[in-house]
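Data first, discussion second: the structure below is written as structure tokens.
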């Protein structure tokens, strides 16, 4: 298992490398650079000043040199300083990562609890009005774009006169306020996840309940509850876990939007601003972080299969 | 068959929605006896035994007929009542065709055994282990102690089927139902497993209902045989007797279409194929394929009636045939 | 071997054929090992005969059949035929196949007509009405009604599906048809029909069959010669009547003993049993591959070299108990 | 793809036509599929004939009627420069559907082709393709699209490119794994024995057997494309004004949250209903095309 | 409530963008320099007061208590206050302020600072003694005094330039408040600077407020919520009229202060592109746009743009003249001009709009519809801000629509737009006559005469050049809660009047 995880980690690094090369090259095609941004509200500007500032930031060097310098830094754990803020990129990523992680974690947890719970209930009550209602709800929520969900949440809150406290408070400094700020966006994110998981759980449960080993368990006198939860749910978890992984990626996409709507200084906002400012090191780092998150989550999902399914656990050792 | 039968099935009919996939199945098994249910694919063997075990799923229901277990009618019981009557596992044990699919892949053999042991009141961890090991040893698994902690996929097909048998027997049932328990196995393994089932059945004095489509298995395993065709039992009798003197035209055709193993020579093939529930012929269900069918056969549906030597026959020409056969 | 070296009555010579499946692992799908599904198998196929391959599941029967059809690459050895062929297109006229699972071997999205005509279309043998006529003829040859043309496979019974597969193979007018457990999935009554049909076709068109099966009774009735395989190797080979009535290799004997006969006197208790399971092909036992389960195993079996010896028109794998090592 | 391909295409053409009709017929018989189909058709038709149905020009600024709430004259109200929200929603759906359709077509063709090749041939081609897919798939799809769109600049064409590139991996992955499954079927082996070429097998066995998967996946990707287009437009890197993309409209509406909810409610509803119709069609197709239910 | 100022209390101000860093030399953006102003001072400041207009520059002594300008206008002698000490923040820790600090700051600005352009005409900076600074100019430039009061011209201690501390993160000045904590994206807190040199007229130590908190809230709705719920006292940054009306409904007695924006939208036409090479076509475009209605509908107020932005009320053309030039749409006349130029059926061109947000895009769409009226099709293309600026500098556009930088001097407008090679001269204007006029106005010391010259230039541009069409300067809303008093927003950044703000409890 450990070697499996390690090997996956190494391969993940390869993938990240490829991604960062792609991003590095592609991003330079966008016209304009940080110096233009810094001087965007200046009056008279001489070309000499522009050239001087560019050189200060190493933007005049060949692309390959810039990339190797950046890459060398990354290997030594130094993501460089932001061209825009001058602060270490690592610090920025760290403080932006917390709310994003919080959002996505909370979103996935709420989504998983709601989704798996309602999926199990729905499968249990197959054909009853409750099942129909749950399925309809999941169909609707699955179709609501996170964008709209976020906006409608905001509209709803405005309608009832509830104000999300401002400004954003980091988790560490003010957990209570932070929760008040995170909970609604997380909820807005989680409903789609819940809907997807609910559907998947339901169909996986139904599929599993038709399996021979369920019949066999019933035949050997296992109580219906145990058949359902012990044998049914555990086996149904495998496709659900896969979906959980893809949903996480989906959720990360969603945070980009939700952070904009709810004004949360997360990774998405950071990336968005960095792109607008042509803050190359920050863009690179943010992209790497997204990639890393995806890879880690996929790895976790893969590892969790092993927890559920001994066959997979075995194949890996 | 002097002793009253443990299991007695009379006129059992099973429907899935409007489809009657099994209509009029009758047979009985006594303690320590083994009965084989044979018939071609789709003839309703599995449905019959699932109905007996109370495992009809997906909209299946017993429409008519009775199933009595030691004199008590069980066919009308709800799942709850079945559990209360301790039918599931405790009195009726079941082995399935495909051991790879009938064992839950995410639990060890031991964990699944424990579920069965719990029915007999054994729940303490140490007791479970001891008893579990005992059962696995009983079915001849090598390293029974260690096998308890194995997952199904870590066993070979034959071993899995043995584990399945151990689990089915661990709750000490009175009746063992085995639905094609060896079809998925190789001949050498099949022989081992069948031998084991037979041995245990004798030792534990179980009533065995064995579903198969292989006359070789019937010959080797069963005391009695019920031949099924298109959802009906068409002939019931002692195995040796039926193999020697099949009476029903279908039984005869079935036996003669078996390859003999003699080189060359055509096989006497039975034309056509088993009808399905949607296009069931009128009258005798076998008449379109029957060599001796007459006009009445397409009109009148024959009933399963006793004949000589304790034989039951479903044929309008039963009398003639019997005379002919003997 | 040049084509000329093949004797006139021999259709195909299989010589020391091995087939291995790679086991892949990891990110770059590296090959980390091999399954030696077929390991050093040799035999000749005579024109017009039915040659049976029997053995337990996973012993490599199908793989050998696929190798002969050239849809599996050979790791070693050679397969030579009287007619030199280079491409799949040419080979198609030489050898065809009927698989075990009738539904899986028929594309569910195709009609019977197009399925039967697939070879005709691939080789542009005929077009338009001429093609349709050929299809009708083929259907009647396998005793299917012409009305089946527009049906989809799932609308047919298992026996009918198998007839479609046979018709598809026949369309190429091949010399050899590999029947990979072509009747195993069928009911006995239907199996009998198909076996009869195959026999008729063989007589009519002088077909050669490579008959893969695990049912010794069927083989006894249907095959001229038989090769018994175990873990990728042939253990015994010879005339079906000889091998199945007087088996010599301990494995053949065990296999025969285990197969149940429809006999009023037969009792399961009387059958001699083999112990243990079939070992894995990934790391087969050294020496004689059967030694782990052999009732007459001896200390020397572990170092016994695999070799076929011939005696009285029969070939037997080296065996200490049999004394032919 | 030469003569052979053409001939093969001719071979399978009639089959496909009748299949399409069959699938449609089956869909209509299914309650969910039927409802979804009706919804989608209504949206599609309205979008297509928007110029005829629409009471106003979606770009026309009625500068005397700004931020009007929904009324008989302006069903969905007006925006902050007096444009009719109903007309804009209709045209927005038109853009969304166009983007979705374009993305789905391009993804299906490119992703499908890559997936088919990767799945059929396996080996190093497959390995390389898989690794590439993995790289493309490392970023969350919206981040990926965002990045590409930012790089190319806002325009409908670029949105299509951005969404397509982000969705192709999903397609390749699924098609490949389905092709792997199809490849193991004996009918493929039988075809090879009959002498059929790889191209022929892919086209005659691979493609038809993958059509159900592709249809289901296509409806899914269609929905995702619509949502991504909206998200990108919302973030200002998608469909640029004055085109009334649903996402652009939402973005405009955010400035009037709590004041002019109709600016958010209607485009969002349109978005949701379109996606829902597509999801439902996907579901229905999955049911209809499931061989076990055929 | 009281009506006389009292000390104490705190206000919270929202801003709409986070600052990247606190280095005044690194970049020009509005938000940063606004916030620096709480802690830093300039040599000369803008006078604020109830009677002084938003964009009206009246020099007020700050760190420089007085100054003299030589007859030839080439030598500026500034006398510095002697009672000023730096804030008690390490590593400067309350050291007295001297001329050395000014020299160090100006030298750094001239060498790679974004203020380089403001000191372009300065040849030499010397400090004859600790409290005198002398600036020697290459050429006459009457704007220099105002340049010294420019929003970017914060004076830093000399330690800021020798690496003693990091300008990015540490702010040490002589201003009214000391920056105590800064949580990026959350809040920046400022506490009263006890050693601040400013005094009120009655001698009270300034500032009145004990502390100020700046809350960067990028999202409009979040900001509105924060303001409505009282989490913010002073609104700073964009707000549209509709939202303002809604806020006012809830908070009827808030201080409703409105000023004209110091930025304006501008439409660059590229004469290198065929139809726009013809002055008549450019004039026709100008005549087609109904700016007044645009401002009314989209911005809900504001003023007609000008060659020099309308916020510079003393320098831009008088309102009626601007209305005549830009505020009287005439579709008929435009069509006639087009016909005259050979485009009776109009033409189409690509209108590239930089992405400055929703209202801005609405203006672009508005212009599009106005142009359609005269048969000219503008294909709207949206582009990222920086990409747009690059496009402008490279001249690869047909028409470019953007928001101009906040300039505080007519000279900035003129020299950046119309001098050959200048960085905002996207239309590549090279008119020797115009160049001469622009250079000339810098040397006119007499305010009246200079104003006349500036007007002359603007008229010349409107008649003969017309490459950059000024569109609209919107109305800026500066609402504050009722407890806030004497808040007078002023054009240059840095909240110059905040020292005089006080709160009632």
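Lettered A, B, C, D and E in written order, each chain numbered from 1.
The working rule: a residue touches a chain if its C-beta (ideal position, glycine included) is under 8 Å from a C-beta of that chain, and two chains touch if they have at least 3 such contacts.
Here the structure is a predicted model, which means the values were calculated and not measured.
Shared contact partners of subunit D and subunit E, listed by label: A. Minimum number of contact steps separating subunit A from subunit E: 1. Taking A-D and C-D together, the pair of chains sharing more C-beta contacts is A-D. The chain with its Cα centroid farthest from the Cα centroid of subunit C is E. Compared with subunit B, the chain whose C-alpha mean position is the greatest distance off is E. Work out the mean CA point of subunit C and of subunit E, and you get 89 Å between them.
As a whole-number value, the distance joining the C-alpha centres of subunit A and subunit C reads 53 Å.
We define each chain's centre as the mean of its Cα atoms; on that basis subunit B and subunit C are separated by 32 Å.
Residue positions 30, 154, 158, 260-261 of subunit A each touch two or more of the other chains. Shared interface positions of subunit C, i.e. residues touching 2 or more other chains, are given as 27. Looking at subunit D, one finds that residues 131, 150, 254, 257-258 touch two or more other chains. Within the complex formed with subunit E, the subunit A residues making contact are 30-33, 36-46, 49, 52-53, 56, 82, 84-87, 92, 95, 154, 158, 163-170, 173, 260-263, 265, 269, 276-278.
On subunit A, the positions that touch subunit B within their shared complex are 209-224, 226, 230-231, 234-235, 308-311, 314. Of all residues in subunit C, only 56-57, 157-159, 187-193, 195-196, 199, 214-218, 220-222, 224, 240-241, 244, 254-255, 257-269, 271, 273-274, 277-278, 293 touch subunit B in the complex they form. Here subunit B touches subunit C in the complex through residues 40-41, 156-159, 186-192, 194-195, 198-199, 213-221, 239-241, 243-244, 253-255, 257-271, 273-274, going by the rule given at the top. Against subunit D, the residues of subunit C that register as touching in their complex are 27-29, 66, 69, 71, 87-92, 95-97, 99-101, 104-111, 114, 118-119, 121-123, 154, 165, 168, 172.
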